[in-house]
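Dropping the structure in here first, questions after.
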């Protein structure tokens, strides 16, 4: 450390006065919370892959059914069980329908169900959990007991029962799924609200005379949004999975509409006669979609965790 | 401790009652008549049938009679066959489903824990990436897809393992693996994050400062604490196994309760649907109860909080 | 050999996402046998990293011991294998951590946590270990030790947990005890009790202690020597009297002015040190205290001062003590 000793001159030992200017300087630029979240998601390659897959699947769900000129319901008995070829890119099924067109039509149904179920769970959960958490005491207790009992009923069992009872159709599936699906969200929201009420910065803000609305907007919502957003993201694959399972059991979307689950079910017999491709495309797409939402949700959770903020 | 157990048991019974009531009301709210499909039948026969199944009585009376039946563990007769009761279905199907379920549960827990622990101990190195890729695939591929892929490749194309029917142990391998995959992946992920959290705790440093060897710390301090969150989700995992088994039994042609349930759905055999739903729910509620009680033994802290609740 | 521990030119880095953080940058100090040495400094100055380096408790990676030696009884600890370290930890060097609420395993009985170390290092039966644990609990002032030994940490209060922690760290009568902010998480009244307990035990056993703290009151009361750290470096050392009475480094002077003292004039205000420590991700070439120093000179901007002897037992690193600085005054 004294290696520069020879070069030391008397002038260097003059007092300086400008050194304090940098004393309060913060060394790293401060970034807003969401910008920081976005930066961390971008660093997470798996999460970005998930996001790109979600976007591509959504785009293909919109334009996919129109690309090669076939329709999802049009049957052609002359072209049954064709392997993938130049005309039918993913082949045809046992009724001669174009699988390429059908999988993207199925993507619409599956994604629509997934997103709608997540949205409805989100809305109901926020309202129920929010009221329960804000009310506290007796109301809270009763509301949570009801939720607890409903939640003890196995999810898929409940959905299957409802599908038996109600008329088959798209909205029935969504209704069946959201009938108990909102409960985890409600519990999460309630937990977050209760936690927030106890948080010192919220109490500090209230002590400083902040209005409820301001506390809600400035502190509660930004700090509770993280886990809730993650939960919404992870509800989508759960709903897609439930729909696929229902359709696979034959309780899902009625024909001629198609979802990935019904297509997989239709294809089940065909694998025994060697037409594995009929199962392959819907199966891969279900898996890819679930993969995409799961890794994106995971990445979002990691990115939102302020404890990891460096 | 005793009071806590009693309280939990009370909750389990209330929950079961709620499930019974909801399912009963759902089944009886179906428009139309269960015998409508039978085509034309003489009025007398129809009336007899209505009477036999108590369908001519008011709903409240039917509900009361059904509860009374259930209290004697009698799920009533099937609609489709007067000689077979729902109890017969359960007695025949349940042992098979239990076998499949237990086998899958053991696979899921054992491999889930192993993968989770290995991943956490090798964080951001290849064993971590391998187990996490496997578990992401595990939660992304629905069991029925995995099952059909396994049938197509392992059984049909390569002929390694037999499928269809439930005659020997080798027949049980593919169904068990298909059923276990998703809960296994779930446990592995949970165990990994739980282990990582525990490994960052101060008491791990305390143990290291005592000079305890690394493997002893991992077994005595880390895994012991990290396993707690996994125990709490065992109830949910079992629920997923049960519902997952409907499909797996269907695909592999396994004569279990799941297959019977699915058949009941297609035959619109309401007593079978009602009976098996209640039976499934009862098992799950019982398991959750057991897990709750077991948890108080594993985590010494819960006794205090449990009782003061 | 009168020093039980000598840390020589220790450099420790952490490899993080954002780059290399030099948490400890050339630390030198020694601990005389049977004495208590305080390491003081602001949060993030490298106190805890230095302490954990002595025990080699830092996870590698991300931590890396880049250079230097830690001589314990004349042996370089940094050169020892993990197996050798396991023999030293708990046996020859004990450690107490900051937060007693989290440093005990919640699912293991307190007694078992004490006997674990005893069984590891000493050739005793379980029964003997257990009676030793009871004895230790008694020694650290826990009433009804026969009953307490079978209880879980959550049944102990914070102060009791820290006592139990001390019992764990002293179980094998170590030559050196490292206490990493042992009283920070405790109530003030409990703090005094714990410090008194440590002092009493030291008188009984003759253990040397390294006390890491940012509480100068604690230092004045319990310690013999002081090591002042700033931004990963030792900037001043000496006996408690020397450092408190005649601080040589502007940072130490600032510290002394920023805390209240009983003997000081009531009207004399407390003066905070403005600013915050530098970013260790990208440290400057010059003196790390430059930006906060009221005596800063041109030379401080680009040249880090070396650690110089100040007389008595005192050392400090500051250009103000350079002959040229004295000449230009």
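Chains: A, B and C, in written order; residue numbering restarts at 1 for each.
In the analysis below, a residue touches a chain if its C-beta (ideal position, glycine included) is under 8 Å from a C-beta of that chain, and two chains touch if they have at least 3 such contacts.
Note that the coordinates shown come from a computational prediction; the quantities given were computed from them, not determined experimentally.
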| item | value |
| --- | --- |
| Central chain of the complex, centres being mean CA coordinates | A |
| Per Cα centroids, the chain farthest from subunit B | C |
| Centre-of-Cα separation between subunit B and subunit A, whole angstrom | 25 |
| Chain centre separation in whole Å, for subunit C relative to subunit B (CA means) | 53 |
| Whole-Å separation of chain centres (CA-atom averages), subunit A against subunit C | 47 |
| Touching residues (chain side subunit C, partner subunit A) in the complex | 16-18, 26, 274-276, 278-279, 281-282, 290-293, 295-301, 303-307, 319, 322, 324-325, 327-328 |
| Sites on subunit B touched by subunit C in the complex | 201-203, 205-214, 220-221, 224-225, 228, 298-301, 304 |
| Subunit C residues touching subunit B - in the complex, by the definition given at the top | 55, 57, 82, 85-91, 94-95, 97-99, 102-108, 113, 116-117, 120-121, 152, 154, 165, 168-169, 171 |
| Sites on subunit A touched by subunit C in the complex | 1-2, 4, 8-16, 19-20, 22-25, 27-28, 310 |
| Subunit A-touching residues of subunit B, taken from the complex the two chains share | 11, 14-15, 18-19, 22-23, 26-27, 29-30, 136-137, 139-142, 144-145, 148-149, 151-152, 156, 239-240, 242-243, 246-247, 250-251, 262, 265-266, 268, 273, 277, 280-281, 284-285, 288 |
